[in-house]
Structures are given as structure tokens and as C-alpha cells.
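Presented sequentially are two complexes of chain A, the first with chain B as partner and the second with chain C.
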Partner chain A sequence: MQTPLLQVKHISKTYHNSKGWFRHETVEAIKSVSFDLKRAHTLAVIGEAGSGKSTLARILAGEMSPSSGDILLHGQNLNDTNQRQRCMDIRMIPQRPSLSLNPRLRVGMQILAPLVQHRSLTPSLRQQKLYATMRDVGLLEEHADYYPNMLSASQRLRVTLARAMIVDPEVLVFDQTLSAMDITMRAQLINLLTMLQQSRGMAYIMIGHQLSMIRHLADDVMVMQQGEVIEFRPTDEIFESPASEYTQRLIYAYNELVQGPSS
Partner chain B sequence: MDRNTIYQDDAVPSIFRQVANAFNARGAYMVAFWTLMIMLVIMIFSAVLAPYHPHHQHTDLLLLPPSWADKGTVEFFFGTDDLGRDILSRVISGTRYTLGGALLTVAISGLIGVAIGALAAMLRGLRSSILHHLLDTVLAIPSLLLAILVIAILGRGWSTVLLAVTIGLIPQFIRVSHQAVLEVLATEYVRMARLDGYSKFRLFYRVVLPNIAEPLIIRFTAAISSAIMDLAALGFLSLGAQAPAPEWGSMMASGISLLTTAPWVITLPGIAIFITVLSINLVGAGLQSSFKKLESS
Partner chain C sequence: MNLLDIRNLTIELETPQGIITAVERFSLVVQDGEFRGIVGESGSGKSLVGRAIMGLLSNKWRVRADRFFFAGEDLQQMDVDEHRRFMGREAAMIFQQPSSYLDPIAKIGEQILEALPQTPRLNLAFWRRNSDRLEKVSALLHKVGIRDHKRIMASYPHELSEGLCQKIMIAMAIANEPRLLIADEPTSTMEATTKIQIYKLMAKMNQLRKLSVVHICNELETAANWTDRVTIMYCGQSVEAGPTQQVVEQPLHPYTHALATLIKRDPQRQMLNVMPGTMPTLQHLPTGCRLGPRCPRAHKDCIEMPRSRYLRNRSYRCHAPFNLEEKHANAAASGQTH
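And then the complex of A and B:
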């Protein structure tokens, strides 16, 4: 069997919050989470607030390291490789794209930022790469000279996408990116993401509980509760026969919303 | 005609250009700006522009009124003081003391203050806390009082006053830059920039610095005007520049006994201080509103 693109093995994260001078409070945000993700597949992670899904996103994106456990990309342990390279293979799309752009720097420079740091490309090649990526996410070349405040919300989202994609990552992590978006933008985004996944073979991890989007995009759904995985199954199965009580409630509410009350 | 009329926006102007454009659009700010520029030119070329040496005493022409008065002459445009020194020359030479001194003190205190403030914000824990709280305490003392305190220790004199005003201004710069850097570091775009692999130095210079420029520039203009006021006030109290030096504040102090007989000796340097401070404050206000415009567009 072919090795999956991303393997997460028993990662856990414990926070030590200091309360006062000497007392500490330990919170186990994630308790031994494992999963595999194949190329060009999409995994959705849902769960209540405080279930550890945001922590999982931050660990995957390389913003913090897990207390224990391993993350393997192409069968290679990520904890050993160089931190910078690791941040380039798994890229995060932030929750609020508008706030995640530096208001005082031209958009093109920001998209190029990860490339400038890491690869010694000639300026002309870099420029080509910038324009190609911008075209891929549906931006025009002249947008590179704009400042973020001149763009619309959906264009800003595209900028953050371009910034994540310019280094050709293998995995994109969406940290509740979709929850703040209105319906038309979500529709645009679904189309864009499916297209990019097909052309580039990226794997997506979507954190959040936009069930309608998950149903469209996700191949598998992972349900978390209090730092543990309580369900991990293909999307169709989850939607047809939710096993855990939390999922049942969620799906029930969703169905009621979509089809109207079933009484 | 030029092609700008055909293609509306050829290029997106840089942030600096945008601020400059917004600033240019308001007449009052531009007047203040050019007044300040002329002041600076006068300051740089004061040795050439002054018609007489500021210390030269025309002993036969004591207390000559300004030229627009009946008894005045054009040779002494602003008149002379009680020692027969030409007031115009003294006001022109005074720019070097009052305006030049203010610029110097603000430049030095700004560099030191911003460096300490930024460092305090980038550090964590005890070191940052010590820097921060220590300077909060210092900030509670007004800058003029702090300057007088330094003079009380080091004695009066021009260089002491410069040092005193510099020290008095540092806490404000630390405060402003500390606050601004902390605010920027907490934003989402810094978090993303970290994930993009910015090095510490690049993060500071590409992400943090452009975003703290606005409060810092406004602080700098406010500091220059308050430095002028401090220098002049200390000069007026004869704690600063000593007698023959044509510092505006000390010129006013020397003229105070002649207020009824020769009011021009005290009013003309006073007007010079007023115009300088007013134009600096206007430029500061103009920059502030230009930055605001940037935010809302």
C-alpha cells in the first residue's frame, strides 16, 4: 500500500497556564490524536468550542510543537526536519483573511514573502511565479501593486490563498476560514478550492463546522470532543448515520436547517 | 495631454505618496509645512542671512524701534535692544539655538527612546516588566520638571539644558513605541508573517516598522514643539543658554524689564517661538489626518 501523504501519530498537547506566581494549571487540549491523509483528499475536523481543533490546526501549521507524538509527511518525520521547510509544506489559511494581511505592504510583496525567505530565485522567475499563482487563485496581475485596504473581502481571501500556495505546499490547513464568509463567497471558494485541488493535488484540512461546505468538499470527517477523536469516517457515512451523540445532534440540526423541520 | 487623463490610475501610489497627497490637499497644512521649511533654511544659513553679528553692539543706536515704527530705520529691521544689538540678526541666529537645539534633542531622544521601547516590547517577562514600569514612573514627571531636575544636578548652561531636555523627552518615546510595537505584535498579520518564515530582523523592518510609523511620526512632531517650548522656557528662566547667546527664551527674559518702554525686544522673539511651534503643530495635525484618511480609504 502506498504511504499516505500526511500521517499524524498520537499527537497530544498540554498547556501549562500559570495561575498566580507558583500555581500551575495543566490543560490537555489534545489527547493522542492520530489520522492519515491521502494526496488530493480533504479532511474536515469538527467539534465544539474547546475541543482542541484549533490547537490541532496550529500544531499542523508549525506554529507550536506537540507535547508528544509525531507528524510524518511522505513518511518522513517532520519534527526532525528544519523548521522553516516544515512551515512551507503545510500552510495555514487564517481565520480572518482581512486581518492577516499587513496593511502597509503591497499585496505582491506579501504573497512573495515566504518565497523570498527561503529560495534563491532570480527576480524575474519570482515575478513569473507570483503572477502564475495570482492567476491561479483568480487575481489579476495588477493587484500585486495594491494595498490590502483596496481589495474586497473575497480578494483578500484569495491573497492569503496565494500567499500560502506560492511555495507549492502539500497540505493546506483552513483554520475556520470559512465560517466568517457570506454565502456567495463560500460558493466561489468551494469552486476555487476544488479546482486547485484537482490541478495541484494538494490535501486540505478544514477546521470548523460549516456542514454544508464540508458535505461538498470533505472526503472524511473527524469529530473531536474534549481533545479526543470520537468519530472518524467518510463524509457520506457521517451524514447518513452519525454514531456519537454530539454528531447526531449536529447532523440533526443541519438537516432541519436544510430540509425544514421533519415533524 | 499627458496619458494620465486616458488611464486613470497608472500605478498604485506607495503609502508614503498617499500620505503626501492627502497632506498636499489641505492648504493650511502646506502653509505650515513651507513655513517650517523656510525656518530650516534660515537655520542652516543663519550665519550668511543675519545682517549683523548677533553679539555686535551698536553703542550709538540703543533701543532703536523696528523699521515700521516712526523712528525706526530699515538698516535695523526689527530694531535694536538695550545694548544696541540688532534684533533681526539675533532672531535669525536664535533659530540655531531654539529650533536646532529642539531638532537635535528630539533626534537623540527619539533614537534612544524608540530603541528601548521596541526592545522592551519584543522582550518578555521580567526584563520587559522592569523597563516598562521603571519608565512609567519616570513618565509621571512632566518633561520640563525632569529637565529642571537634571539642571539642578548638573548646573546651568546650554549643553546641560540640551542634555536635560533630551532626558526629559526619552520616556514619552519609550511609552509610545512600546505601546505601538506591542499592538502590532499582537495582530494576526504578525502571526502569519512568523509562519511565512520572516527572520526577527525582517519582521521588525518589514512588518512592525511600517505599522508603527504613524504614531511615531506624530509623536516626533509633538516632541519637537514641546522641546522648543522647554528650551525657550528654560532659557527664559535663565537656566539655559547664558546671556549673550541669542536663544529666543533668554532674549525674552533680557527684554522683560523693558516691556513698557521697548516692547519689541520681548515680542519679536516671542512671535518667532509662536510661529515655529504653531507650524510644527499644524504639520503634526496634518500628518495625523492624512494617516486617518489612509485608514478609511
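And then the complex of A and C:
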């Protein structure tokens, strides 16, 4: 049997918040979460505010480490790989793409930044890589010389995407990136992600409550509540027969929204 | 009756680089008791229209129209303050991120009390007036579906969810018994379970209290099922308007057509049929039709800006609309051509 691209095994995270001098409070943000993600597959993670979704995203992207548990990529434990390599393998697209760009730096430089940090390439190869990646996400070569404020919101999103993809990651994590997006931009992004998934075999983890988008892109949906996984099933099943109470309320509300008042 | 009657509303902004036209010849008629949607992408001018109606635009904006009437009153005959006061009585507006419109350091109960109309009931002794007003507050909260009014009234905004805050904004909005509610993306940051509560609340107010609603949003998917009529905006213009169901099922304008295609879900996972590119900025508008560079139906006539055309209860702004050939034929057969 083929090893899944990503294996998450019993990861937990406990935060220690100090409350005054002697007291402190421990919060178990996620409790023994496990799942597998195959190549060219998409997993959506939904759940109430504070259910641990963003903590999970940040652990996956290597921004913090779990209190316990293992993450394996191609069967290799990420605790053993060096930090640099893992930051290239799993990349996160932030919640507000536009805010994550430096307004005083040309777009091309910003897309290249992770590559400069991570790899030794000749300038000409680097240039080629830049243009190829920009083409992939639907930007023009001339955009490399622009500053972020000269681009539209959707082009800026493409820039953050290009910046994540320049190091050829295998997994992209979207943390609520897609919730505040206009319909045409969202549709363009769906197409772009589908295409990249087909051509490069990338896997996606989508965090957030954009249900139309989840329905279109995700293969599986994982539902979290108070740090635990309460449901993990294929997308169609979740939409047809949600099991947990939280999921039922969410899906019924969604159906009512897109079908109109039931009168 | 026409509650709101706007013809060719133009909203311009003076900038050091010259005058920018953010909303151009925009028309909107809202009937008494109507649930109207205005759908457009970010930057299409939806919020400007809403704020112009309320008289809330600052003096760097120039607003003019061929007709700008509310409930039979000519808003252009009023000065800024009169306009604002008049609309403040007749209408109310709610926004995205309701918590940022509430005072963070005052209890909810106090804030709603302040929103109550200042009409002292002189037949009541002064100590009764206060309890009378408190009863009004709890009655308002009940109307927006909040049962545990005691707890809510004693809370501060940060202690409540966005959904609850939005309900409180709606309670304050209806305190004056307005005839129109302008809701500017009241739910766009909420998850489905909260969203539906706000939609249901607006629909209920609309039906029970004959409150007209202008619901501004950036997606057709939900507006499609909750509004009676819809106006689609692109780049500061109304590109199509009409009864929502007709607009969604038989769109005339290519832009509406693209939006409508996106919401007809296809069980097969595949590429969506979406327009390329993005909406141009107001500083770089194409000549002629503003959709031109992105439009699959563009042809040589389109270098000329299309005017709004009217066909029965619908309007559109395009030289080569979809779904019209048959319609024209039918209309001609029944002698109804305009």
C-alpha cells in the first residue's frame, strides 16, 4: 500500500496562559488529532470559533510545535527533518493575503524571498523560476516590477500564492483565506487550485467556513469541536447526512441560505 | 407606492488627480414592503449608494441625480443636515462587523435605551417613564429573537458574538419604526448558522412589519433566494435589475450571466466557467462598455457605452444581451414591445 503524503498522528497542543503571579491556566487547544492526506487531495477543516482549527494550521505549517504527537511527510517524521526543509514542504496562505505583503517592496522580490532564504540558485535560474511560478498563478511577468498597491485584490492573492509555491511545496494550508473573497475571484481561485492540483499533485488543507467552496474543492471534511475531531467523512456524505449536532446545524443553515426560506 | 425613487444617481469624488466618478447614472426604485438586493463585487459602489441614500457621505463627495425621492419627499431639496435627520427618522442602516459600531464601554441596555425615540409620555409619572422605557427595550430584543434580555442588556459588546451584536444593531435600527432598512453586508463575516438567523430576522421584519429592506451583498447565491428584486452592480453602474428569480434564471447581461452560471452547482467536480480578469479600478476604466475587456460577447458596438434599456419590469445595460431574442419575439406577438 502506498504511504499517504501527510500523516498526522495524535497531535495535541496545550497552551499555558499565566493568570496573575501564581495561577496559570492550561488550555488544551487540540487533543490527539490524527488524519491522513493523500497526494492531490483536499481536506477541509471546519468547526466553531476556538475549536482549534488555527492552532492545527499553525502546527502543520511549522509555525509552532505540537505538545505531543508526530507529523509524517512521505512517511518521514518531520520532527527529524530540519526546519528549513519542512517550511518548504508545507506552506501556509495567511488569513489576509494583502496584509502579508510589504507595500514598499516590488512584487517579484517578495515572491522570491522564500527562495533566497532557502536555496542557492544562480540569478538566471531564479529569474526563470519566478516567471514560471507567476505564470502558473495567472500573473504576468511585468507584474514582478509592480508594488502591491498597483495590483487588484485578486492579483495580490495570486502574489501570496506564488510566494508560497515558489519553493515547490507539497501541501498548501489555507487559513480562512477564502472567506472574504468576491464570487468571481473565488471561482477563479477554485479553477486555479484545481488546475495546480492536477498538474503538480499538490494537496490542500482548507480551514474555514466557506461551504460553497468546500463543497466544490474538498474530498473530505474534518469537523472539530473543542480541540477534538468529531466527524471525518467524504464531502458528499457530510453534506447529505451530517452526523454531529454542530455539523447538522451548519449544513441545514447552509441549505436554507442557498435554497431560500422554507415557507 | 414607490418608497425610494432614484434616477441617474451620480456620485463623484474630488481628488488631487481630478474627479473620479464612483457611481454613474444609477437608478433604483424600491416599493413599499419590498425586499431588494444590490449585488456587486468589492468596489462596485454598493456602499456608496447606501450611504448616499442615508445622507452619510462626507462633503468631499458630490452627489447628484435626476430624481432622488424618499416617500414622496425630494431629498435634493434638503440641505445635508435636513437630509440626514429626515432619513435618520425614516430609515436605518446596519453594517458588517456590528461590534465595531457599538460603544465598547457601555452596556447593551443603555445603548438601546439611547436609540429609543425621545418622545416622553407625559401622562406617566417620571418614575414610571423609566420602567416604561426599559420595557420597550426588552420588547425590542424579543422582536429580534433575543429571549434572555436581562443578561444581554447587562452585557458589554465584547462579551457577545457577532451574530448577537448584529441582532442588537437591528433592534436599535427598528426602534424608530423606520420604513426602510439598508443592510450593508450584514452577514459577510459570519458562518452559515449565524447568517441564516440574520436573514430570517430581516425576512420576518419585512413580512410582519412591512419594513422595506435594501440588502447589499457581494454574492448572488444567497441574495437569489431571499430578495424580491435585485440590482446587479459592476464598476459603479447598475448593469441589470429585475425580479430576482427572472434575473437569476434568465439573465440578460453577460456579467449577471456569469454570476448566475456560478451558482448553478454542478455535481461533477470540474472547472468553473468564470470570467477572466478582475474589475478595473475607477482610474483605469476601459472606453465603452466597462465589462468590455472581460466580456465573452463583446463586439464592435461595445466601444460605445451601452445605455440602460427597459423591458417590462427589467432593465439592462448591454448591446448584446443574453436570452432576449425569444423574449422580444414573445413580446411582439402579444403586442407589448416598448
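We take it that the second predicted complex is superposed on the first by the 261 of 263 C-alpha atoms of A that agree within 3 Å, B and C clash if a C-alpha of one lies under 4 Å from a C-alpha of the other, contacts with A are read in each partner's own complex, and residues count from 1 in each chain.
One rule holds in what follows: contacts are C-beta pairs under 8 Å (C-beta built on N, C-alpha and C of every residue); 3 or more make two chains touch, one makes a residue touch a chain.
Please read all numbers here as calculations on a predicted model, not as lab measurements.
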Clash-or-fit label for the pair chain B, chain C on chain A: fit
Chain B versus chain C as contact partner of A:75, first or second or both or neither: neither
Which of chain B and chain C A:123 touches, first, second, both or neither: neither
Which superposed partner A:102 touches (first chain B, second chain C, both, neither): first
Partner chain in contact with A:154 - chain B first, chain C second, else both or neither: second
Touched partner set for A:88, first chain B, second chain C, both or neither: first
Which superposed partner A:114 touches (first chain B, second chain C, both, neither): first
Touching partner for A:145 - first (chain B), second (chain C), both, neither: first
Which superposed partner A:62 touches (first chain B, second chain C, both, neither): first
Superposition-derived angle with apex at the Cα centre of chain A and sides reaching chain B and chain C, degrees in steps of 10: 80
Smallest separation of CA atoms, chain C relative to chain B, angstrom: 11
Shared contact residues on chain A - chain B and chain C: none
In the complex, chain B residues that touch chain A: 11-12, 15, 187-189, 191-199, 202, 206-207, 210-211, 213, 294-295, 297
Complex interface listing, chain A residues touching chain C: 152-155, 179-180, 182-185, 187-188, 190-191, 194-195, 209, 211-212, 215-217, 249-251, 253-254, 256-261
Chain A partner contacts - residues on chain C that touch it in the complex: 41-42, 188-189, 191-193, 195-196, 199-200, 203, 218-222, 224-226, 258-259, 262-263, 265, 269-272, 274-276, 278-279, 281
Chain B partner contacts - residues on chain A that touch it in the complex: 61-63, 84, 87-88, 91-92, 94-96, 99-106, 113-114, 117-118, 145-147, 149-150, 160, 163
